[in-house]
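In what follows, subunit A forms one complex with subunit B and a second complex with subunit C.
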Partner chain A sequence: MTEWLERHIPKMVLAPSFAAVLVFVYGFIAWTAWVSLTRSRLLPKYEIEGLIQYERLFNAPRWDTAMSNLFVFGTLFILISMFLGLMLAILLDQKIRTEGVLRTIYLYPMALSLIVTGTAWKWIMNPGLGLEAMVRGWGFDSFTFDWVINPDKAIYAVVIAGVWQASGFVMALFLAGLRGVDGEIIKAAQVDGIPTWRIYTAIIIPSMAPIFLSAFIVLAHLAIKSFDLVIALTGGGPGYATDLPATFMYTMAFSRGDIGQAASSAMVMMGVVFAIIVPYLYSELRAKHD
Partner chain B sequence: MKNTAFAAVSAVALACAAPAAAGPQAEVLHWWTSGGEAKSAAVLQQEFADNGGIWTDMPVAGGGGDAAMTALRARVLSGNAPTAVQLKGPAIQEWYEEGVLADISSVAEAEGWADVLPGSIAGHMKCEGKWCAAPVNVHRVDWIWANAALLEANGIEMPQTWEEFNAAADKLMAAGITPLAHGGQAWQDATVFEAVALGILGPEYFRKAFVELNMDTLKSDKMAAVFDQMRKMRGYVDANFPGRDWNLATSMVMNGEAAFQIMGDWAKGEFLAAGKEPGKDFLCASVPGDGFLYNVDSFAMFEVDGEDKQAGQDLLAKLIVGPKFQEVFNLNKGSIPARVDVKLDAFDTCAHLSAKDMGDSADNGSLLPSYAHGMALRGAQAGAITDVVTAHFNSDMSSAEAVQMLADAVANSL
Partner chain C sequence: MTDATLTPAAAANSRNWSHFALRWTLFTLLGLFALFYLMPLFVMITTSLKSLEEIRTGSLIAFPREVTFDAWRTAWSEACTGIQCEGLRPFFWNSVVIAVPAVAISTMLGAANGYVIAQWRFRGANLIFSLMLFGCFIPFQVVLLPMARMLGLMGLAGSIPGLIFVHVIYGIGFTTLFFRNFYVTIPQDLVKAAKVDGAGFFRIFWSIFLPLSLPIIVVTVIWQFTQIWNDFLFGVSFSQAGTQPVTVALNNIVNSTTGVKEYNVDMAAAIIAALPTLLVYAVAGKYFIRGLTAGSVKG
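Then we have the complex of A and B:
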């Protein structure tokens, strides 16, 4: 009896959460896929109509804007956050005295909700209230920083706020990675008279490859599901210049009563996530087989 | 054991509830949660209670009704719809098509709604000829508000045509005053757009374009002229307009930072709350051109089981359209009564103008639903138009491009 229990208790304990995930994640993915093939408007309908919602989606200029914004925002957000995070981590790793304090300061933005970040940066970047008004108040009348109200630049304003939020977290990841590098190798390199920057580019950074991958995955999914930051910072505006797929989906589903269109955009978003996650899973699984 | 306890509790509850269940009951889903609106809703609640009804309040704030609609969807899908729901415009018929609205024709006929409501507004309250909703008020959308002192100081009259408006705006620009207070949010862009469209297209073509979605009208040169005027309007707003809330734009007019604002009559509430007097501190007029764009709040009645709930529904419908509630509610809300036989002695001059214009435009067929406020079109179509309007307003798109995009967007949304 006890032997039987020992063998089966793990399965029994896992079963409820397994069932819940099956229904609430995969079940609802299947439901959304189904609805995306129908002409659902206000309430879901279940007669399959083919790919009409996808045709409408790809004909909508607003969706194009949302996807290209995701590309611009995602790329810049990931690259800049990783670069800044790495630089901060390397600088903090110089055995400086107040490291604990500095680390906490840089990590704190991550503790804020994106709504707070968005609202604060909205005020900071508002030309009439924030930075521009302040610098002009100092007498530099030609100073202009109006990205947040400029339809062509507003998405970069979102990048600034996103990077501010996430780079401290990336720094923490990299700092842990730096601490994990074998000190013996570094000492050996120093004995050989190799300059510090070469030690970093040729030894330390390549040995942190898994950390880069983790940071990339975390940042990529933050970028794709970005919603609250845009809502708080620009509300998707000016016009719909800073719309992202997530805000597009929300508008269709909850403001416009166009559930079919929302479902099709959600499926495309999931496709984007898969395009990033699947190669990662594949490489993980292959590494295990080796 | 648990079951017995539950049964006992239920029995007691039922016994207690039995006498009360005889009275009319209503569960009312609405999103009147901010100051003045909540006060207005409380008026209805009180009157309902005075008539022996039991009111279950279900206020859902957020997103201009989006959150309430999400709640409604969940309730309807679970087969447990509220008695009455704040709904408006074609959304009423959209829900009717889902087969969940109730027929309140008996109340409407007994109360003679057909005689006291303007025809085009009554049309929104009917589903395939049967009454299924009760109107609460009429907001006029095509208002232009102005700072009286600024106009006087610059020798400007309230504009009667868009040419006059442009001339006035140029004069104000030269004097260093922002001509138009505006908030760059999609729905505000749409509000200005439909006011301009009504003036330039005229009532007949406005109806063709934004009610019937006639492709020829949407692609016409007149529509290009509307976008030309919108490009001019873009030049009349200050640089810092994106994202601004409408009430902040209203206070710009109040404080003399800007001369005009185009906004529905909820803006009047802001002026009045700041202690400004209509005609003296601020001026109200319809935007240049003929016609009247209305935004009518209403309650749709959902199919419910049980006599007490149906009685509650009938009582609620009767009270909502009743003259007493229409007067008290609209005094609080800044709009005018939907029924035309309410005495307007207690209302201000702007409301008098609104009521007079509503009567006149109802007679000559220019009483039109506002597209920007969800009265003329269903969500997907109205949203598609707003996307084009706000994209044009916030970029340097040409009018020809905008017209083409408008036609494409509307076709794609159907």
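Then we have the complex of A and C:
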């Protein structure tokens, strides 16, 4: 008996967590998937009706806005954060004595709640009292910076705040990558008289391809899940100009009482995440077996 | 052609100059970026110390002419979050009461799971680990609706125990990942030798693995605390008036539409909500960064 117990204890320790994950992750995904195929409105119904919710979703102008916002926000957020992060990492890698302090400064936004970030930037970009008023105060009377309240520009305001929050983190990833590059190769290149910028573009940056991939995955994941930042910065507005899939889903679930739309939009979000994550995880796992 | 005519001394001199100019540009750039990252914090602090009058008449980045802590007092104990006007204080404590047990429980579960997966491999353990890992990546929107119903069925809807439960469940994936990746680096011979000596599963964990685990415990606790303290989605979805965490209360203060907009109170409230995680970052930044990179690179 004790021997049997001893043999099975590891499984029993793992079992509750595994069961919880099965139910609360996979079971819940299945529930949402099921409900997204029904006519559920305020209350869930369980008779499957096909893809009507998805048809409604793709015909809704608001969902259209949310998806194109995600595309604009995601693209700019990822590209700018990667560019800034890489640049800062390269600049910091030049044997700077104050590196520790600067790194701390560049990275601290990552410790903040996105609600705090949104609140701060909302105030800074406040047209009447923030940056716009400040620059006008300097004598540039026609200066305008009203992105937060301008429906055509508000999504770019979200990009600014998002980049501010995440670029330091990308810098940390790239810096770790730069430190991992083989010093011998660089020395050899320097001896051959290859200019520094060529060493970076031809040797160092290409060798960091896996880090680019990780940074991309993390940033893409952040972009798709972005919810707090939009809520705090623009509330999804003006109107629904800065709606993202995450805020759309929340509105449908908790303010509109439209469970069918909430479920189908959540499933589309998961599809987008999987389209990015699955190939990555697959290649990671394969790389380990090879 | 001019290069060829330079004397060696002049060439060295010009190299020094270009080196100097390069370093100077480098430091200017780094400094400008430091300003970009610090500016919002600076603006938050100075704004929170100004009177409303001074905010209306002065410039965004000016130092306060007269420092006043009124906004801080209001934010802490008087500001309105909807119909309630008790400031952030009760919600700050809600966040503490949610975060402390949720961090403790999810870290302990992660340690036990990681220990099993890394050192007591059995058939299917890797599959279980992959399935748990995958749970880290789902957009939580996909579990919001069923979780709201489940919490209702369990009688935990809108309650603090309900929020603790949710944070534990969706934290297990990451805590298990952290501990598993740490324990995997410990040679399996250690367990074998201990087994020969007659030590059992728990004994080995308790007297061999746990004492080695301090660094990874710190990383995990910091990661979980930051995640849970900064959470907004679960907080806003599964709480009700009175049980909201601090992030939700902050958002309610800032986006309340009644009365005069008190920007200084908004900023003071934002700093209060950010203080615990900023403090953790200041004290244990190294571990914070390790968690971030472990959670992303290895994920």
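Heads up, the rule we're going with is that the second predicted complex is superposed on the first by the 273 of 290 C-alpha atoms of A that agree within 3 Å, B and C clash if a C-alpha of one lies under 4 Å from a C-alpha of the other, contacts with A are read in each partner's own complex, and residues count from 1 in each chain.
Going forward, a residue touches a chain if its C-beta (ideal position, glycine included) is under 8 Å from a C-beta of that chain, and two chains touch if they have at least 3 such contacts.
Given the structure is predicted, the values throughout are model-derived calculations rather than measurements.
When the two structures are aligned on the shared chain, A:Ile96 is found in touch with subunit C, with no touch to subunit B.
When both complexes are overlaid on chain A, the residue A:Arg56 reaches subunit B alone and has no touch with subunit C.
Contact with subunit C, but none with subunit B, is seen for A:Ala120 once the two complexes are overlaid on the shared chain. Of the two partner chains placed by the overlay, only subunit B lies in contact with A:Thr251; subunit C stays clear of it. Ranking subunit B and subunit C by residues of subunit A touched puts C first.
Contacts of A:Gly235 after superposition on the shared chain: both subunit B and subunit C are touched. In the superposition on chain A, the residues of subunit A contacted by subunit B and by subunit C overlap at 122, 126, 235, 254.
The residues of subunit A lying in touch with subunit B in their complex are 41-43, 56, 59-62, 122, 126-128, 146, 148-149, 151, 234-241, 251-252, 254-258, 261. The touching residues of subunit B, counted against subunit A in their complex, run 63, 66-67, 69-70, 73, 76-77, 91, 94-95, 98, 184-186, 189, 239-243, 378-380, 382-383, 387, 390-391, 393-395, 405, 408-409, 412-413. Contacts from subunit A toward subunit C in the complex involve residues 6, 9-11, 13-14, 16-18, 20-22, 24-29, 31-32, 35, 44, 88, 91-92, 94, 96, 102, 104-117, 119-124, 126, 129-131, 133-134, 137, 164, 168-169, 172-173, 176, 211, 214-215, 217-218, 221, 224-225, 227-228, 231-232, 235, 245-246, 249-250, 253-254, 259, 262-263, 265-267, 269-270, 273, 277, 281, 285. Put simply, subunit C touches subunit A in their complex at residues 26-27, 29-30, 33-34, 36-41, 43-44, 47, 55-56, 59-61, 109, 112-113, 115-117, 120, 122, 125, 128, 130-132, 134-135, 137-150, 169-170, 172-173, 176, 200-202, 226, 229-230, 232-233, 236-237, 247, 250-251, 254-255, 263, 266-267, 269-271, 273-274, 277-278, 280-281, 285, 288-289, 292-293, 296-297.
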